[in-house]
Amino acid sequence: MASTILFFLFAGFAIACAVSMVYHKNPLYSAVSLVGVFVALSCIYVTLAAPFIAVVQILIYAGAIMVLVIFVIMLLNLDEDKPLTRLRYLYAVGGGLGLILLVQTMFIFYAVLRAPKDPVDTSQTAGKSLSIGQAMYTEYLLPVEIVGIMLLMAIIGGVILVRRLEPGQLKLVVDSELDKRHEEEEKDDYRIAF
Amino acid sequence: MESVLKTAFPFVVYTVGILLAFQGVLMIVAYTVLAERKVLGWIQGRIGPNRVGPWGVLQPFADLLKFILKEDLVPDKSTKFIYFLAPLVALTCALLPIVVYPFGPSITTVDWSFLPYGLGDGITRLPLTIAQIDVGVLFVLAITSVGVYGIALAGWSSNSKYSLMGGLRSSAQMISYELAMGASVLGVVMLAGTLDLNGIIYAQITSPFRWFIIPQIIGFVVFLIAAFAETNRVPFDLPEAETELVAGFHTEYSALKFALFFMAEYVNMFTVSVMCVVLFLGGWYVPGLGRIFEPGSIPYAAVSHVAFIGKICAFLFLYIWVRGTLPRFRFDQLMNFGWKFLLPVALGNVILTIVVVYFLNR
Amino acid sequence: MNLFLFAELANPNVNIPIILPEIVIAAAGIVVMLFDSFFPGQRRVTGIMSLVGIVLAAVLLFGTWSAGMPASAWNGMIAHDNLRLTFSFVFLLVSAMTILISTIWVETEKVPAGEYHALLLFATFGMLLMASGNDLVIIFLGLETLSIATYVMAGFRKTDLKSNESAMKYFILGSFASAFLLYGMALTYGATGSTNITEIAARVADPNFPALLLVGAAMLIIGFGFKVATVPFHIWTPDVYEGAPSPVTGFMAAGPKAAGFASFIRVFVLGFPLMAGVQASGYLHDSWMAALSVMAILTMTVGNVAAIMQDNIKRMLAYSSIAHAGYAMVGFLGAGAASTVLERDAAIASVAFYMIAYAITNLGAFAIVTLLGQKNDRRTEFEDYNGIGFRSPVLSFTLSLFMLSLLGIPLTAGFIGKVLVFRPALEAQNTLLTIVVVAAVINTAISAYYYLRLIVVMFFRERTSDWVEPRIPAGIAAALVIAVIGVFYLGIFSSSIIERFSQTTQSIGSVSSR
Amino acid sequence: MNGGGPRSPSYIMDLIAENILTILILLPVVGALAVLGHQIFWKQESQLKWVTFAITLLNFLLSLVLVFDKGAVSASGFHFEKNVPWISAINTNYHVGVDGLSLWLVILTTFIMPIAVISTWHAVEKKATAFYIFLLLLESAMIGVFVSLDLLVFYLFFEASLIPMFFLIGVWGGKDRIYAAVKFFIFTAIGSLLMLVAIIALYFMHADATGVGTFDFVTLLNTLKLGNMTFSASAGAFLFLAFALAFSIKVPLFPFHTWLPDAHTEAPTAGSVILAAVLLKMGTYGLMRFNFTLFPDQAREFAPLFIVLAIIGIVYGALVAMVQPDVKRLVAYSSVAHMGFVILGMFSFTEWGMQGAVYQMLNHGVSTGALFLLVGFIYERRHTRMISDFGGLANVMPIYATIFVITAMSSVGLPFLNGFVGEFLIMVGMWKSTILSVTATANWNYIATMVAGTGVIFAAVYLLWMIQRVFFGKVTNDKNRGLADLSYREIGLMVPLLFLMVFMGVYPRPFLEATHSSVTEIQKRVMQRAGGEIDHAHVPGPSEEKTEAHLEIQQK
Amino acid sequence: MEPSLATYLALSGILFTIGAVGVIYKRNAIGMFMCIELMLNAVNLTFIAFSRYYADTTGQLFVFMVMSVAAAEAAVGLGIIISFFRNRISVDVDDASILKN
């Protein structure tokens, strides 16, 4: 009973936060709402006997990713979202997609509710950090290693993208910009000639 | 009636426990503030607060009253909701780790059957921890990492350039030092083989020389430095560097909201001190105490608890001492130090630990 | 307790040698990265190091291509079969050629080539995993590794707005599709209780939640469809291809597409097979076959028709790559419809062959586009190619050759590729698939228009402005030689390669389960 | 041929004779490389025509081996057969061979090529290297089409012939060359790609029927003949139409002909000549070789359709030709009409008709090729082809006028010139044909023949009218007064063609004899019901002998 | 009374839907990115729910991987956004229109 109440509490909170995230035009509001979703989901994970994942959820999503996002929002000092003007048709696309996904959700809900099979096993050790750790370093060692390489790569990628240009490169950029202008003119001449 | 009582009893016990723990922590924090002013005073050859009560003992309460009674200014251009939310987030995140603090060893030798209505049936032990979860270390790290929101949001929502700078600095700093902190904890976790805080203490319990400060001295130093950064204390107090940013992220905060930030900072200090003690100094464990009292008995727990608080207080003193001694870093120095020195050292420590553990276990 | 790791490595189910190619590529990536951080600016050296790594990986891969090797590694997470081997070769080839093509950067632009090489190697690592992953986890991680690397590579020209925009679009839409893919994986896991493809295949007959399997498959189609750029999930392709630096575009059109197909085939053909007499699997199989058939027809048609209307050569090649995804899907459908393991393997091999043919041709074309585009890809409009035919005969004839190969003219790789992918689809003697093949053929004819247009522009028009033939750097020259030889070799002497590809050294269907 | 000389040369001669078809195919490719090498190393663009001419001439001489040394006849009735595995994974072989049907077409190809090269002696100034390379590659592809006996290889050459032609039209063509080239390419490609599907489908049908898939024409044919493999009505129709579409576009049959005038008009002279002389024949050759033998039932079923289209083509081509202001366009439309005749003859499914069709293919190659050359001569001089720009040319260029008139007559079908024999045979064949007989009484074949016959008359009308306007009367345009008559090179170019026109007109026997067996084989095959029962239409009887006698008379 | 598997899946589906719709409605890249994160989280919930249902660690490990991937994606994605912003002073996707749509 308690868990059901808790679940609906957190579920309601998560959905409300999610809606608020989409609704708010201000990116920071969205971000804060999203953190709310993460926290709510983390609590739900606890009720699903997955404490490790619940904590990691907070640690990675709320503590790292969203902090980064908020950092970027603050750094770029973003203002409010403009309303859809040029791409008005996206409302229809979004509505359609949403409808399809909702129908699908209901379908899943209905299908799983109707499925005759009962849970395979309810005694839980799966979520304990020990069993997860064991799996991670035996059976799932390869994925973990891949994740390591991927994170390394992501670091390089991030650094490449945001690093300032070196002076030599900067000169090249300026040169190429001048070239480009020159070429544009040339191209125009050529078009006329043609 | 009886069944209602039986259902309600654990909740009542928990509530009482939680209240007790929070009250205790807050009291200690309150007096840390006083102690800080006193100690700083001594360091600087002053006396410190001494007007409110004997030796200024009532100073914290006076401060509190002042905060409550002062006018609450809200900047006109601020983003109201988030402006109000930020201090709450900061304090909540600071207080949350209390639930996993191992205040002392669990009491196992007391028979609880004297309780009426059979409420004590089946209770064999009274843990001096509110929630024993097997990912305690991660939990603390996670909650601390969320704490940055309070500062960042405060900085952003105040709509002031100083606040924004403070917020930005703070998020950058916390993200950077969290890594080093996490990495420095890894060595301990590896040696202990568990993420449970009590488990880590039990792993150090055999002798004082198994305190992880000895095998993990590098980890300890890194953790300590990172902890200073995480709590925005001198010499890493850039988010609120008075001389540069007026007061950093809380420039625009006043009265009770400022008090919340203030409190959060000191609770955070307390939290990292607890972590230091638990991870490296054997937590509540007092060497040789098991010979005097029976483990699990009330006196054993009481003495351990006092020792625990004592160790924490030592760390709190260290914080104050450092504040009185060291100058502040520049921001780029801070980042360079974090990424180019602290993190590699912490990772090196992890690798070293892996190698040593592997060869020892062969 | 701490000996888990080592005990596990000694476990016979692990078979480290099988994933040596992947390890070598990842290690090469790290070595290149480290080298670049200690000796920055050594653009040629890092390129050579990467090439060495790739060649080494290819050699190791070839070494494992023998009958004696076990069919799986890492407790069934890695499949070692022809699908993996053939596609892995495609990836290695693509990466090697991309490195050669990117030498233009060494010559003219001062982009950080060392990091670029490292990223490329990591992307290759991701692609290899996508082909060899026999577990949804591995496939997902491979895909993400690949995607993240390509996001960065697309935005590599930081000061160029087009490049930024391309990276951003690719990133947003790519992650969007990944989410769908992941949802599909989650539902598949939910329906079958496993993420291992062999086990999924075993449980498809009697899933716990048949309905979820269906929904999951639909979601997976969206995710993979995005990666291989099939209609209607292709919208990102032209913009991203146009904006990304040309060598990267060439890479994206060849590598990730092939990798997407590898996983796509692995999950659908091997994971959701048709099991005789089992209603659930039959329903699933019919559904995805029908969906993919429609998608294949749409993909080809939209790709080709849209390509006709393009004035930018990179956009044209982007739409052409969409169309080619459609052709490859014909072979894929053939694999899905195959009734025996032998036929299925042949069909899969045909897709691999198609991808290798397409990759070689496409990369060759992009090599020239890169070369002619000069700094910052400025000359990428059709107009810019006006009348260069006899001014730079070598380049233009080579480019024409690639166009003809893309079109599928006999004696080129493209022709054999098309014949091979049409074959299994017709073999099934299924009305739907026959329609798909006919649509493919009609589309090929449509495609003639825009491939020829380039030739027309280059040769049949006169150039009015002056034309300075760019100097051909050694790397691009090497890439072109490889491409030309490859196009003819695959077009004329393809026999041995096809045999190699479809020779069943491993029985794919019976990857041992955990 | 290989008799003379000592032993060791004779060994080489044997080797050549054995691989003659491969050599014929590869020699131009080697030649193309030689041209490229010559250009790269010597940079003497003016010498390239000599190199090319030498190669094509050599190829022509070699191809004569086919006539004089029949070589061993394989079981399947092909000479000089060569069967080497190519892509064993899909069981496709490099299988080549010639029979009566393809023999003359191959020789026509090799014969036309040197002429085409000479015709460009002064015409091609720019980018000559590429021009000659494309010519040589084109020759290779064309020969490949006629000799390949593996469907995939056939398709390969069929498509490959497009590319050089595409370039020839596109780079060296006239004003609207781009439009023409692309149209030419896409029209042909659409048809041939469907054929590719049909080819692959055949592979699997064979695999289903016998367990082994094959692209080999001979194997397929044998399986079909043995009745081991049958087509369902829909599959058969699809396959037949897929093949037929590809060939009809190439021929071109009436509704698909629109590419032809454009291509012809815009192509350079050499291109037009080759296009008319050889490329169009690929279509008719393919119909006869593949459609008739592989799908006889469907061929009969669809014959009325093709006959109607052919007749429309004949009449339409002739009528449209009549109003063309451009000589080259006129000749192009006359091609449509002539090829309509060829189709008509083929689909009469009588020996005379089919023999006539084959013969007419050669005639058309020679006559129309010659006409295009002649148009090219005048174009080189005046850079216009408009009939209205000329007039009274006979006064200025008597030799040219003479040759032109002879060629035009050959094209019209004047007796004692080659065109007559072919057209006559086709008409007789159609008259005799039973393929249009729905019932015993309603014989549409007579009507078809008669309508087609009007085409001959129209042909005479438009050609003669054109000749009258261009050559006779007074010289109306002053620019034409100073025109030089044909040079020796040009005359030399025309002589072999003229000789052939006359020779084929008066002595068709060797040609017809060579094709006889193959053609009758196909005719029998097509008139044979699947069960092996001989169709009632083909009754050997006095009428056949009579016609044969008739033929004899004609030949003399 | 425990909430059943279907309820968790429904919640996950709803969150996924909200995220997907959000990606399309949001006009700025960071907003889109956050919506994608929401979608990933919804999927994670599905994994965890099934992991609980089957008492199997696979799902949780998968979630762990997804989280790491999300972190990597965030690093690169925010890098891309910053790099875009530097050149254009906007993260509005509507402004990304040099490449014709």
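Here the chain labels run A, B, C, D and E in written order, and each chain numbers its own residues starting at 1.
We adopt the following convention: a contact is a pair of C-beta atoms (placed from the backbone, for glycine too) under 8 Å apart; a residue touches a chain by one contact, two chains touch by 3 or more.
Here the structure is a predicted model, which means the values were calculated and not measured.
Note on connectivity: the fewest steps through touching chains from chain C to chain D is 1.
Of all chains shown, the one whose average CA position lies nearest the global CA mean is C. The chain pair with more C-beta contacts between its two chains, of A-E and C-E, is A-E.
Compared with chain D, the chain whose C-alpha mean position is the greatest distance off is B. Separation between the centroids of chain D and chain E, computed from CA atoms only, is 65 Å. Our note on geometry: chain C versus chain E, Cα centroid distance of 25 Å, whole angstroms.
Centroids built from CA atoms put chain C at 52 Å from chain B.
Chain B and chain D have centres, each the mean of its CA atoms, that are 94 Å apart. Contacts with at least two other chains are made by residues 137, 141, 144, 148, 151-152, 155, 158-159, 167, 187, 193 of chain C.
Residues 1, 3-4, 7-8, 11, 14-15, 18-19, 21-22, 27, 30-31, 34, 37-38, 41, 44-45, 48-50, 52-53, 56-57, 60-61, 64-66, 68-69, 72-73, 75-76, 78, 81-87, 90-91, 93-95, 97-98, 101-102, 104-106, 108-110, 112-113, 119-127, 131-132, 135-136, 140, 143, 147, 150-151, 153-155, 157-162 of chain A are the ones touching chain E in the complex. Touching chain A in their complex are the following residues of chain E: 1-11, 13-22, 24-28, 30-31, 33-35, 37-38, 41, 44-45, 48-49, 51-58, 60-61, 63-65, 67-76, 78-83, 85, 91-92, 94. Of all residues in chain C, those touching chain E in their complex are 136-137, 140-141, 144, 148, 151-152, 155, 158-159, 161-162, 164-169, 171-172, 175-176, 178-180, 182-183, 185-187, 189-190, 193-195, 238-239, 242-243.
By the touch criterion stated above, chain C contacts chain D in their complex at residues 389-390, 393, 404, 409-411, 415-416, 418-420, 422-423, 426-427, 429, 434, 437-438, 441-442, 444-445, 448-449, 452-453, 455-456, 459-461, 494-495, 498-499, 502. Interface of chain A with chain B (complex): residues 26, 28-29, 32, 35, 51-52, 55-56, 58-59, 62-64, 67-68, 70-71, 73-75, 77, 128-130.
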